[in-house]
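I have a structure I would like to understand better, so I am pasting it below and will then ask my questions one at a time.
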């Protein structure tokens, strides 16, 4: 028996609308037990008070628990659900349901095919967040997810999505009560450290950077150190690391594959077209309608350049008191990538510290080949 | 003596910073008397309470009045200054100073060159706004600006910027006192009618649409009627139409030319590359750094599609209570165009009713050839 | 057997957090079957894209269905749940669970006590919304809810919360397909008409205004016509009217009562203190900590004055492109009322057309007496 | 000759509108040379990208320079102009022009009268900002302004407005080039330190706190240390401290006086009524229309409580990605104070670290007595 990865790209009318997934279950197209992970772009603000993530997760857990006859809590501990709030500009709310299916077919003889692996780490003490133990924990989880995906060679990994805990006021207080101190008592700063540790963990697992260079001092400081395959989100809703590894494997069958590129800045259009080209899709200048149908998922990380300029020209994202900088950059990079592909269903997430080049980010595309 | 058009693309540290223009004056590079018009993209919110436009205009009038020895009021009546607020995403605050210079050189023998014309209409009664007389008034001003530019053939016009009055509460009351009624007492609606009349006026002047089709009923209703060269802004700060015509003319000299294309929607990347190609600039996929230096100005109009979807995929711009829809679309389209050119100095303006195809807009580029 | 009304004022950590209600159930303090209605103030933006309302409703329906052994749909059709998004400034997220309990005690001999009634109208055709049939439908539902509350005299009604359908694009299209037309195709305008019809329906049911004066022409036009006891919300999530009537009745027992006052504008502090005084609570200038404990619920409606000034001084709420006007006014009036009471748990809702005086609104307070 | 203080409370149509001041000059009511300082509440967002402050300052400097025959730069170095952006909720844009006039009358025999003093410190090195030298510099400037006001006893000072420089990226770089380091390279953090140093400087000058307690360690840490009379703003537009002292003095004449109170939190209504009572104005519950005419200026500082709750109830200001926390708190406290007085012309400013009690702030009122 071989495994086959299928990506269902579904749309929603609002953040609690899982009707499209329920319809797939009802039609027998998708077995609930085959759902390996969910990655979604939803229409909240993407900030601290974005409750659309909780709403979708609750609705998903309710649906899955009803279909699988388990508790909601069990679902949340078994199926990673990674959501990015903010469908600025032309971005369109959607979610990818990653299916793993037993297949009677042999592995594809035409080349490696999309492989999906997931892993959950053990719960983590708040004082470990953003420090060396955090890096090691994530590296271990990434390697476990690679094994789960049947990927031996780190070069075959193209996108690693990590969801990792952050320091909350309550967690910091609990640590203090034990005599331990957290990496930062500033919530946003601690969250940035968590993302940095996540990126460092991925870089370590994939041997992109020498482990000895991944020091505490380098975090949020030496931005030359980065992983062009790491996509990290940090949030209060988890107490341990969740990892989704997407890559290509000779052991899998089907017709999907994945490719990726770092983006050097928010204007890096060539990175988009190069990624597509690797999957045999031309953008001259735009992907044809026929080729667009082959695309199953587009995953992007980006950042408002912290130095205040893009290619030498001042931007105003960081000083805007009205619109959060992450909303600005998602809208801009989303507009660029959607324009190349001709489709607004793009997963674009901000907070890209050490995830791709400084001031840039990365792009991964899943497509039929 | 022939005329030569020069476009100075200047940057600013804040909306009241005209230091770069003052420096050009001080260096003798630009004669104050040669300034024909100013078009700027500044970092306000682009909404009703965007006071950065007033700030820049006041600072410009102060500088020009000091250099030309005239009053501030005189400057504002002689030099059209069109500003669009909102530098969302990668957009970079900048302004174009359009210079008209007497040249000893003959007209370019290598082809038509950039020509600039301006015109001011007579003050308009508020009850005329958004109606047939408004269309005719703008059409007349556009033709006057074409004559000022030395352009005989409407096909040589590539971009028409109009600044036109809107109905304010006070103006509506004044009309009512005379027994006249305005097109709408809803300020936003009346402003949309003013923009529609502006677009219709440009379409009439350029003979793009049969004058008889430009009815009151068609305004804000039949969006198939549009001008792909009209860029209209409507505001309280003016009491009469101001028009800037940009085109190419065999009577002008220099090395600049302008081209334009309609954009069919917010993802119309091919329109951007086609406009550049007409100026001999390749985007494969991105404009080279050398070619980017040839570009002097990029002017874009766009709209959040009022039907709620782009190419069949739902967008969330129109229902967002936190971020104005025009800010969303400027960020997205700005990100796309800036990505093609590799430069965030793009003038992107919303409110594109009848200015380019419904749900889309238009692009014009000025470049060295 | 008499009835007793109990108001549980509960707090939440996020919009999906019903832990406090579940705890009351678990502790046996509140029988799930006794829950008559829920009124909540939650931390969304209060606008079209406020999904916290849907999140809370879904979580409430899930909890209640699990405790009552019914479907989620059944819960939503039986228990009115009215939510107002937006906890601007000092407002604190909370919800009131209105309990109706059978009591062995006789009706209070010391005076009338808080009575709660609810009613659901029949589903309504979209073309009826905002018109005479809508007014009559709501008036009928209000009278049904009064009967449900055991209130005979309209003077004993102090607060009527109505949740009424609005016209959506889909509903307008369905009406058009039948050859019927809706009151307005502008969604916000149609929603304002729905609120106006709601207020007119309450005014009719309570005989506050002569029925013949409640014309279509008066809606959104003659703001002198209003009900100082009507609180209307209109939304896509309902297809028929839901009504909660709160008043005082000689047939009920317990120790709670309700009082109300119109607020003439956003600065009407005397209306707040007069309402409290009627319940025997002094604010000199602030409610004492002991008296504050007697207060169970504070319900406020308010509006940014559409004439652009409050007591002759210009406000900037209506022209703010960054912050929605309703968010502004909720924050200001919430700050005032919370300051008098010394507590941020105030239900403050905007969109007060014909609900209290023009530019003002109303206040109702439930307290122990 | 004695001095008389007159406060002109003027309104504006937009942030560049100084027509009301020009009219006072034209009418001979106010001599331009008598303008001592300006304090204004204007309709920007109050954040980093609030350019309405620059617009107003530029327009004021232009007007004053035309009337006094001096340069704009000279005006800005002589007349302190302190502006707070953000007229949330019912707040109304206005500015106070503080006039000092020679009077033939003797000092008031009925008691101390309003006295105004100003002072400018020497320019400050960026590395001094937010440190001990900064505290001393401000303390010195406050004492100079007290002397300028003819106030000997610190108890007669009721409000000290300080405008102090902040660390910018450029200033930090300049310091680094000299081998000096700044207090924080995080711009917002450095600005908070500057405000803390300002408050400490006022506390030192007024002997409110023992100088030895005003340590670097206490800044932004021990919030029990505060001045209930300090109102500090920090901004890029100044390179040295500007101080306005308002108090009462036996050497001045006229009919104005000032009083103040600390506000213990955002609900401290009793502080408002107590301040008014000291000036002989009752609020029972609201100031009468007649008494409201006696009020010339209301000055408030406030803060969103950094502990996340007000009187034990959770607020959501600090976690709101859509609306800045300072905008929230200004709207709420402004609504409260305006409600007591019945007038939206209240100067409310955020960023109140060490300015009044933690989580609260202060209020000062100028009125006819």
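Here are some notes:
As written, the chains take the letters A, B, C and D, and residue 1 is the first residue of each chain.
Throughout what follows, a residue touches a chain if its C-beta (ideal position, glycine included) is under 8 Å from a C-beta of that chain, and two chains touch if they have at least 3 such contacts.
Please read these numbers as outputs of a predicted model, since none were measured by experiment.
Chain centres were defined as the mean of their Cα atoms; on that basis the chain farthest from chain A turns out to be D.
When the interfaces C-D and B-D are ranked by how many C-beta pairs touch across them, C-D comes first. Chain B and chain D have Cα centroids separated by 41 Å.
Computed from the mean C-alpha positions, the centre of chain B lies at a distance of 47 Å from the centre of chain C. The residues of chain A that reach two or more other chains are 43, 45, 49, 316, 322, 327, listed in rising order. Only residues 45-50, 169, 308, 316, 319-322, 324, 327 of chain C touch chain B when the two sit together in their complex. Against chain C, the residues of chain A that register as touching in their complex are 14-16, 43-44, 49, 51-52, 54-55, 58-59, 62, 322.
Contact residues on chain A toward chain B in their complex (touch as defined above): 11, 13, 43, 45, 87-94, 266-270, 272-273, 283, 285-286, 309-311, 313-317, 322-323, 327-329, 331-336, 338-340, 342-345.
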